[in-house]
């Protein structure tokens, strides 16, 4: 009996290591970006029936697990409010150090509102660089204005 | 007597509103990006003497305040560990929902290590879009590998 | 020198009590709903120039304060993560007790996504009732779907 | 041996996914609203004997589980004080941003007291809209005044 | 300029000590219980005009402060979620140790619902006792049932 | 192997539901108040040998479990510092709203000291009332004075 | 205007440093232990009229401040739940490391109950020791048994 | 497979209850104080081989468990930063109320430094007293001075 | 099925105790420092294939566990934000007491930037000393400057 | 009136910036290490009379401030339990990632006990390096063993 999506995520992670699967392979198999696909496998996005079956086949999941992949998950992938993992912490630090800057510049350009985290996409790329390669990440989110009523 | 950089940030914000200054104007005046300049004015970066004097002139700061702009600040621009402002929260949410995804994909591409938040730059742009304009943000950070020793 | 919107909110609250002003009067004067207007006066929304001047006149604010009313505020109106005020706590309790229910039913109807808190409006009305009058609140938010990419 | 209502909620969620049950079907079967019924299935409300047996039949629960559905649960459906799930967070944000507004307007209309979260009902509906469908939620709670004594 | 009820509470406390006023005197003056009156003076209840003026006279408050006494306060009288003061902590401990017992016995007697903290009164009395006097407190709250809908 | 009292509490709760036992029956069987008896069954009080055996017989516990009932437990019956359950929260709210009032009035009557939560008893009764029945709770605790030394 | 005991504590600390007063001198002047006297001066105990006047004279306090010394304070002398000061932290560590041991041994000797922190005294002495002098602290608290009722 | 000392502590506690062992008996068997011995059995101290074998024999532990008794544990015996158990809380309260007093008096006597919690011993005794027996605890810790360098 | 690196760490710790393995032996076997090797075994670093196989052989791990040793772990080895273990707490205390000093001195020498915790190594040595042996730890991290852009 | 050491620290920081003083100059003037001297100026260590006067002269402090420099401070230099400043966070991260490693290796070498943070010194040096200069920090603390008693 599976009663949370988290359990399915654990199955996927166990299978990924024991079978040596790459996230990019999964993304190619379902024909979407590696960012969205990985988020889905980690329990943050909802697969449709066909995607879920493909994922299930790759990781050797039961029908019950495949059904869970099609259920909207309770999102949030981190075990604590301030992340302890150094890689993820650096992102939290960016929000901490640059958060007020981002807020000021978006408001200066667009007025009051937010950058959507739902109508949103992300693209992670390696930039080769003689001083050490760089991670380049493009975040794109629709601007949603507050309106008076 | 000024005893924290925070007080200087408050002076800058008060002057900005009463004088109607734009961050981009400040950035142009010191010849750097609007992202770094704004972060500096908000107490997250350190200005050199010339930059500090230019900033001081724009906002009408005292010599003591200008001296503080050249002191490395205690960084972190948010008043709580989980931000309450909707715009900044959306960024925290991205880290929460996509954090494990970002970690997996950077490790898949680069191995163990982090994306630097120090050797780092950010660029925020408006993308015109018939379905509603978008905020596009490019984050670029050097990959720093963990090595065994 | 005013360096935060919070200070302006304090001025408005002090004037409201000493002058005996009603939120509805303010809303009528600027021609918008009492909900949005009150949120604006409490430092959660941004006024345009004309609205700010009207608000300034009603509460007797300085030009500097009126300028601050037109600056996008750092939002979040509660002093602690779990509110202590009984009225506001009841709303937090609704989110705590019914949160998973709301999530399940919106997903059952709409699929994966959220109800926007930005493209959002609220209407609070008294319903007369022989067993004791009721507070009726209508919340209306655009559904924003997660899409794969 | 079942020693918490939470375990029964887990059984219901597991059965719901593997059997493809809709909350509305459950609500129809027991003849109550989808909002109250779902809250009950998620461990926030108490079923009477007949309701519990109907729910038990739908989800294939044991007699012991059906007995637990009739026990008043320890309520609160969220795993953390500040919810991480984006949909539920938006509701928390409404309380954060509009909390002081709701407080002011209810007090302006009714005086000191609260809007009950016990003598309370909720109704969630889809509103079709050419700019994107909306989620409309009506909350209705009895006003309970503080009295002096 | 007074912008929070808290400031008025501070004025009352300062006057109480410097003038040597007793809470019971205040209660007698406004003709209500010492429990409700003290809670009001400490910023947790709302006075009507006549009560506020009596309180204002006793403590020597300004008209502005008297106006604030008639405004519904943001309630919650403790500086931390877990109180540090030994007397108040003992009450928190009662909730911690006996909380589940209180819940079980009220549900056994009344079914699902709560004991109201709004339609509520409290009476504190000294009971003389040869083994040491006792504090006896009677709490009386209306039972509010959850109903299905 | 049982290694915490908590496990015994779980056994009692499971047996209570499956056998339909009432707390009052247990209290009658051991000849003490329903308040103390329930607190004991919920792992907050220590039974003597005879009481433990009676409780064990009622709930069908093993000898090992009965031995644990006679061990002083690690007390505290709530899963979080601020309780999420609405009934228990109302009690926490009483401490929050009336805490400073209780403190002031006990000190006004008794001087510096506390109301004991150890030399303490509690009595919960239904009061019939045409406006809706009330829960009346009497708390009685010995006053313990601070003395100088 | 003084509105909290904390302000008086600050005055005492300021005077102590500028006048070079020792706690033992204060204790001698009021004829009580240095432990209780210091706790009183630091805002944790209540002085009677005569003691307050002596303390006031030593530290040069105003009549208003002397009145506050006779008011029962809101106790708790540390600025955070886990103390950061190394000396005070060591005591917190003793509670953390030895807490369960203290609990087991008091219960083994006395049965269920507590060691009072109210009917309590403390004595701090230097023990000369060739391996380095030691701090010896004797804590004495009345045992208060839980009784059934 | 045992992978934490905590599991061994659980085994000891289970055996203690089912076999009715007293901590003093264990202390006598290994020839050390009851305080240190109990702390060791509760997973806070490290036994040497001979002590571990004696403890293992008394509680009927496996060889693997006996090996774990000789491994330095991750210390800290309380499940939360602020303890909920009334007996242990009283100790935390002593640190909260008297913490600043202890700090002042040790510094007045010894200068800057701490009372060691490592080079430390504790002795718990019953003091018979006609007003109710008392728990007397002697804490002895070496003074460690901060030195300049 | 293994689904987290944490489970492998538990296996290593269990095997270490039951087999009596020393960290230095493991470090010698893989030819790296004892610091890095131990961190790796405790789930904080990533082994390459050959290292993982050596570690697996020493601790008797399954192929699946050995595969997990080569996966980048979610880092952070402590169970709470403020560590409770006395040895680890002392390090946290150094950061608390000396943190601002370290910041000032590194900035005085290097300007704005950080000392890397990634391009970092650590060396722990015993220094014999007649007054008691000392633990000497050398931390070496690359300085990473913030640059303007 | 100065009532906390913190106020003196603020005066020192203000003077340092306006006068352009270096910590090394201060250290030279009092003839001690830059690490200890800076910690003292930042309110973490206690100066003797002569040192305090030298510091007072350098920073232009009043006699009252100089008296405070000789009072043992309430230590802890960071504004939050998890530091937000990137430089200081890296040190916290070292404790988080390497904490269990440090614990294991010190215990492997010395047995149960701690590395003192009181009988402790720190030395921070620049190491020139063609790949980028490094910060080298030597921490030296006396090993303090736990002993049985």
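Think of it as A, B, C, D, E, F, G, H, I and J in the order they're written, each chain with its own count starting at 1.
Throughout what follows, contacts are C-beta pairs under 8 Å (C-beta built on N, C-alpha and C of every residue); 3 or more make two chains touch, one makes a residue touch a chain.
This structure is a prediction, so every number in the text was calculated from the model and none was measured.
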Set of chains adjacent to chain B and to chain J: A, I
Given chain C and chain F, the chains that contact each of them: D, E
Using residue numbers, check each pair in E-H, C-F or F-H against B-J and return the one sharing over half of the contact pairs. F-H
Any idea how many Å lie between the Cα centroids of chain A and chain J? 41
Averaging only over C-alpha atoms, locate the centres of chain A and chain C and give their separation in whole Å. 31
Based only on mean CA positions, could you tell me how far chain C sits from chain J in angstrom? 46
Would you mind listing the residues of chain C that make contact with two or more other chains? 35, 74-76, 78, 81-82, 84-86, 93, 96-97, 100, 103, 107, 113-114, 116-118, 144
For this structure, enumerate the chain pairs that meet the touch criterion. A-B, A-C, A-D, A-I, A-J, B-C, B-D, B-I, B-J, C-D, C-E, C-F, D-E, D-F, E-F, E-G, E-H, F-G, F-H, G-H, G-I, G-J, H-I, H-J, I-J
Chain A contact footprint on chain J (complex, rising order): 82, 84, 86, 89, 93, 96-97
Counting only contacts in the complex, chain B reaches chain J at residues 1-4, 64, 67-68, 71, 74-76, 78, 81, 117-118
Under the stated contact criterion, what part of chain G meets chain H in this complex? 22-24, 34-35, 38-39, 42, 44, 75-78, 81-83, 85-88, 90-110, 113-117, 120, 122, 124, 126-127, 129, 131-144
Under the stated contact criterion, what part of chain A meets chain I in this complex? 10-11, 13-14, 17-18, 20, 79-80, 82, 84-86
Footprint of chain J on chain H - complex, ascending: 32-33, 35-36, 40, 45-46, 51, 72, 74, 103, 107, 111-114, 116, 118-119, 121, 144-149
